[in-house]
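Shared between the two complexes below is chain A, which pairs with chain B and chain C, respectively.
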Partner chain A sequence: MKKFYLMFMMLLGIVVLAACSSGEEASGGESSSEGSASVDKITAWAWDPAFNIAALEKAKEAYNGDGEYEVEIIENAQDDIIQKLNTGLSSGTTKGMPNIVLIEDYRAQSFLQAYPDAFHPLTDVIKSDDFADYKIATTSYEGEQYGLPFDSGVAGLYVRTDYLEEAGYTVEDVTNITWDEYIEVGKKVKEATGKNMLTLDPNDLAQVRMMIQTNGSWYVDEDGSTPNLAGNETLAKGFETYKKMMDEDIAKIVSDWSQFVGAFNSGDVASVPTGNWITPSVKQAADQSGKWAVVPMPRLDMDGAVNASNLGGSSWYVLNVDGKEEAADFLLNTFGSNPDLYQTLVKDIGAIGTYSAAAEGDAFAVEDEFFSGQQIITDFSQWTEEIPAVNYGLHTYAIEDILVTGMQDYLNGADLNQVLENAQSQAEAQLK
Partner chain B sequence: MNTKKRIIQSLKDNNLFIKMFLIMVISIVAVSLLITFSSIRVSSNLFMDTFSITNTKVLSQIKTRFESYSFAIVSATHEVQNNGTIKRVLTQEDENSIETSGSYLNIIRQMERIYPTVESYEANMIVLGENERLFNMNYSNWPVSWGGLKNHSITQHTISEPSKLQYHFISSTSFTDKPMIVATKALMERSSGEIYGVLYFPIREEQLKAFYEGYTSKENEVLLINEAGKIVSSNKEEMIGVDAIDVLNLAKEVEEEELEFKDVNVFDTEYMLMSEYLPTYNMYLVNLVDKNVVMDNLVNTKEIIMISLGIVLIAVLIVFLISRRMTNSISTLVKQISTIAKHDFNKPVTETGGYEARKIANAFNFMLNELQDYVGIVVQAQQKQRNAELSALQHQINPHFLYNTLASVKFMVQQGKKEKATDMIHALISLLQNALSNIDQTITVEQEIKELKNYVLINQARYGDRIRVNYFISPECLDYHLPKLILQPFIENAFFHAFNEKKEGFIQILVALKDGRLVCEIVDNGDGMEMKGNYMKEDFKEKRHLFSGIGVRNVHERIQLLYGEEYGVEMTSAKGEGTRVKVELPPQKVQVASGT
Partner chain C sequence: MSQQLTKKNEMDIPLRHKETKRQKTNLYFRKKIGWLFVIISIIAITIFNFYPMVQAFLLSFQSGMGGNLEYVGLANWKRLFGDPTFIAALTNTSIFLLIQVPLMIVLALFLSVLLNDPTLKFKSFFRIAIFLPCVTSLVAYSVIFKYLFGVDGLINQFLVKFGFATQAINFLADPFWAKVVIIVAITWRWTGYNMIFYLSALQNVDKSIYEAARIDGANAIQQFFQITVPMLKPIILFTSITSTIGTLQIFDEVVNITNGGPGNSTISISQYIYNLSFEYTPDFGYASTVSYVIVILVVILSIIQFRVAGERK
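What follows is the complex of A and B.
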């Protein structure tokens, strides 16, 4: 009988144990990744699925290093990325921060200066000489290379050859001209065709920015922070040119991107002076094939100004968080040293990189039927080399907000010097 | 047939166990079933009640969020409507580029001032006017062109009801693949009633979702259904844009009847439905809780059932073993007892099993022993009585016999046959000696034969020797013992009754060992008789006999009493054929006191 009680107790024990054990499931699975441990997953943030995200995907495919990690690509709106970076970096926490982030060149310096320790220097990882000079200026800070230059914002003047012809011009007549000459052409074109020469958005001084970069000038001094508005002759010249275009009534005023694209897609304007990234949008209007050409950007009528400028463009940055070695390794083995990847980017996405070695590839020499057989990628690549390097500094957009109002005053008849001085003092007060 | 019988037999044997076990099992199972189900029921009811209360609270909290968004939109709409700059820019006719540029800048400045009201909800703000005037505060949110928006059905709807703030659902546009909810309002000149523009507040569904997503889970769904029955927003991506009129009707019902919740069956699932009406949106906020999944998560039915199943199994096992043990011993006991009743009283039952069974077995054995003692006493008493009877009979030597024998001796002496008379007297003395000695004692076969010979001598002396007696004694038997006066009555019978018709013949006496028994046969070739009825019953009483009371029946009973039922006397006879008497005895070599 004793045996029975023993057995009973044993069974009871088993039941009790079984009931207890079901409660405590695996705990402590997620070990926090403090310290510089290697990780098996890195994340990358970028905006624009058709362009930057697509480029990242291509890079993932093209990766030929021997790191064993996964790359997670997360799409965010550019404004969100900026906001999240600012929030995260200013609070000093690295939690939820990506390993790789895309930052627009105009904003890069402000991040690098505000959070110098938050970024992982790539000086020893990539060779600066491999990339266009002007990109290196915007992606480095205090002698350290932080960004891996990505797409070129090299600008060109897209022109409607048929409208020019109607007004009695050829493509040669608009090649390597000054802005003043451009305005003259615009007047003739409007006379002959009734079409405006270009679109202008009163909230966006992109035209002015492109103009002043042709002469190697910017809103700020070389130091990147001192506003350089009052007494900036190049800027004054840009303002004057802008006003002239308005006065001569050769510009169609638009208020947003859809109207901007809509204007040239519907044949309302004769030219589009902007960054090369507009090419896919231009080609959207398939019926205009053969009617377009791309020529170098007009320059300001000043000594030293060149027919090459830039608009936009961005670069990859590695944040100083766990996984930075992997992130740097990923960038080096893709955008940093793989000419074939750039061929793919040009072919499949239309993205022109700033990696010099890539320009020799076949994809760059392709003749584009839409542009009557012009080798536009080759042309853009050449112009890229000529873009005057400027330090975009910290406050591009802040100063532009001030200048937008100033421009309006100037257009309405205020004295230019006065306007710029006002802007200067306002900027100095605001950006202290 | 045989197996069936065996099964029935084993069922019968295990009757007690089966009954007990079945009752126990049924009660255990019933109790655990009842407890399991009632506990599941009680806990799920309790949970559902609390759940519905919390979810109703959550719903009203979500409602507050929706309302605050709609309030933001209303106030932004108000500001846009009352803004002179916006109105002027939208209404004024073509001007030169500088003026246009100025007005565009101004309107953007005005809108930028108002925009933050809704920007915090990540909503966009678009103003549409004539002359391709389109001001989009967040182009990437909705990259729509002037023409696209102008001809959009939501614009038509808005213009047709200019005084109303409307909410539209756009499942997927040609510009973006993300569903949106657009609040629209026509901008109308109050005095003239002229519509000078349309105001849009598009918010992506995923942003709207943020209002409630934190409260949801896989089994706790929130749907926003517009008055057309279309699901406008849901935490379940695949539900967005689905028509769900039935859910809308149920939601209306819940709202009208002011129910806390309602159990419904939609999308092929059992749900608990809670609902809130959002008057500003003219939409219903519906909370669907998948009861089964929630229950599964909360009350782990499987685990409970497994536990009770385990308990039942263990209990049944224990009950099985214990009751088996208990009843087994009782059953064995019963079996043993019933066998004993049939066959053997001497064998005690084995004392095994539980305490009770052992006690019973003990008591039974005790009783059996007592019984045996009494039986022994009875048997002894009977034997004693029989022996007493026998010795009494033995001592009653028939006076006629004595008289006849002595008369014969007298004649012999008279006739001068001295020697013959002497032999006769010797034989008589020997007979008397034997008869007078202790009846209890056994004698050897040899002695018995001697006595028989004496008896035969006397008889032949008296009645002549027309009846011859032959002895066939196996030499090995001579030493065996047998009780006194076993064979003598049969010889006597043969002498006096077998030869009434036939005047002469012979009697043969055979003694041999056969199959481990001592077999004595007395065979005559006399008259024989009909074997009718119980021939042993009747005793012949005659003067010629040596003893007046010892009969055939007496012998048979005596043997059985002494040695058991397997021994005894067997008699076969037929008319004219003679009689054969067979006496079977156990072979005993030593003097045994027969009866004590």
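What follows is the complex of A and C.
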């Protein structure tokens, strides 16, 4: 029996060793891929079939380089892409990883820093001057350009002109205003129409994020990792404004995306301050055609704040695996240098890119019937240029979760400075 | 007795002597075959269960972003006790556990006794109706609960229409009500599941015990506490342990109904682990430290439950 145990343990040992060594082989395989072999098929991962996937399909059609390879487009939910990248890259295996992947700007830095060698720099491939300034800060790391900036998250204030009129306002009255003025308008609108001015989701501080970016501020310092919460005047102002909207009772509380969309589709709110990607959802309510206009985002009432901000947006990245040359070639000859592609994207998908040369095309000047003939794409492109560049850094979502709790305390009457100081110390303890 | 035994032994001895070498190897071989049958599952469990468990344990002493992990000793454990989000997650999970598990067990027990009544009509209809929630997908039912309890949801319309509330309650944006919704949801989903265990156990309880009790003059309540509960003790123990483990790992409901909110008032430990790994800049080391907390909690709580309810063996 002893003999048998011995045999058993040896077998076990062999199995365990085999499991370990196969891991090493995989990571060895990765380092040998530095030399890179050419491949005849590259894969691209993205989410949202109506937007990003459609854009990739258009890009595939528009490709005008001379590379000979097939591009396979795979749709994954954004959360799945994040999970797959994280598990794949941290285990050191590149098997099953795509060549091109779409990453949200708020998360880009954390991927670039967490997996330093996993991404292929595009510094020599694309000219970063060709793209909107504010996108470059989030897509580059340590002087190298890693991302090819894709869609703009440029934000605007969608307003219901009919509700404004009822309250005695015109579109000019809400153009280039501050958030304080916005709240005044909101109070009047509620008096006159009984409708709330906007929706707020207490679990999502997107509103605050957009506010503070109008003044070039963020949750973190410019280094991208030091939390900048306590003593951040812009953030404090954003919190105050948020609370004021709650206190003045001009906000309808929602708790998820479909309630958010439902609120303006059913005419429950008079305005929607958010990213331009909401346009298709606003247009869903065809009966509201001609009742909407888009004006620049309100700014915080502070020196230096501008009427332009951003929400969301993402960029393309090339993974450092076999086929990276082909992947870079594909991106360069599509999103990186083809203004016509961007015309198609605007016309067919409604996706506004951040490639500056594309903004002069006809498709951008199209007058939108739904918005009473306003050239909304042109307007959005102009505002894109004015968005203050901030380094979103590493911890947007981690800090946001801390702030969401802080916001609850603040709304329930806690002292703002104390709230932000607590958040600061909590963030410092948590993020290293 | 002893005479018989010795007789038997005497008979055994010549048999043993007769055992040939061949038979001996045969026996050894047969034992070995048994091992060969189990070895496949042993190896599989080792590779897919024990090996990852050991690795996760080692991981819990490391920290860093994504792939840049390094050993930090006990720093993760130190961080754990000063981490307000973790403490909030632990508190929430404990609240779910302390309120929901007893509530559900009592309810399931009650329902199973009712349904076990031989005079009850449409028995299988009720059984199926109560068990049916268990076959629904976790995500699907969570989403439905979310809409039921929304501001414009069915529950609010009902409350306002019948005058139970003057205006709609925003269940999911209120720290207290959000917890209530989660507890109601899990109870709805799992009561029927536990009830089935009790029902099947009740079928095995000898009817004559109840008969005897009735003859002795015990009423229904006495029968329930003096007979039913003690007879079902092993099953109650089993269900409370599985429910405890299930509630400690609660994830789908919280993520889909409230997403941990408002603030952190419904975040669960599992959701925090997910956030640490995939929502924030990944720190797999700290995430696995938090997961080991669940392991420790499950072990401690199971021991307590065994001590309180189990046989003393």
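The criterion applied here is as follows: the second predicted complex is superposed on the first by the 397 of 432 C-alpha atoms of A that agree within 3 Å, B and C clash if a C-alpha of one lies under 4 Å from a C-alpha of the other, contacts with A are read in each partner's own complex, and residues count from 1 in each chain.
FYI, contacts are C-beta pairs under 8 Å (C-beta built on N, C-alpha and C of every residue); 3 or more make two chains touch, one makes a residue touch a chain.
Since the model is a prediction, treat every value here as computed from it, not as a measurement.
Participant: Determine, under the contact definition given at the top, whether A:N203 touches first (chain B), second (chain C), both, or neither.
Facilitator: Once the two structures are laid over each other on A, A:N203 reaches both partners.
Participant: Examine A:I402 and indicate which partner it touches, taking first as chain B and second as chain C; both and neither are also allowed.
Facilitator: A:I402 sits against chain C, while chain B stays out of touch.
Participant: With both complexes overlaid on chain A, does A:I253 touch chain B (first), chain C (second), both or neither?
Facilitator: The answer is both, since A:I253 touches chain B and chain C.
Participant: After lining up the shared chain so the two structures overlap, which partner does A:I82 touch, if you call chain B first and chain C second: first, second, both or neither?
Facilitator: second
Participant: Who touches more of chain A, chain B or chain C?
Facilitator: Counting contacted residues of chain A, the larger count belongs to C.
Participant: Hey, what residues of chain A end up touching chain B and chain C alike?
Facilitator: After superposing on chain A, chain A residues 4, 8, 11-12, 15, 19, 202-203, 253, 255-256, 259, 404-405, 408 contact both chain B and chain C.
Participant: Could you please specify the touching residues of chain A with respect to chain B in the complex?
Facilitator: Those in contact with chain B are residues 4, 8, 11-12, 15, 18-19, 22, 47, 77-78, 200-203, 245-247, 249, 251-253, 255-259, 262, 404-405, 408, 411-412.
Participant: Can you check the complex and tell me which residues of chain C touch chain A?
Facilitator: 31-32, 35, 39, 43, 46-47, 51, 63, 65-68, 79, 82-85, 88, 146, 150-151, 170, 172-173, 175, 258-265, 275, 277-282, 284
Participant: Please give the residue numbers of chain B that touch chain A in the complex, ascending.
Facilitator: Per the touch definition, chain B meets chain A at residues 96-98, 100-102, 104-105, 107-108, 132-136, 139-140, 143-148, 303, 307, 310-311, 314, 317-318, 321-322, 325.
Participant: For chain A, which residues are in contact with chain C within the complex?
Facilitator: 1, 4, 8, 11-12, 15-16, 19, 79, 82-83, 86, 89-90, 92, 110-111, 113-116, 118, 202-203, 253-256, 259, 394-395, 397-398, 401-402, 404-405, 407-409, 426, 429-432
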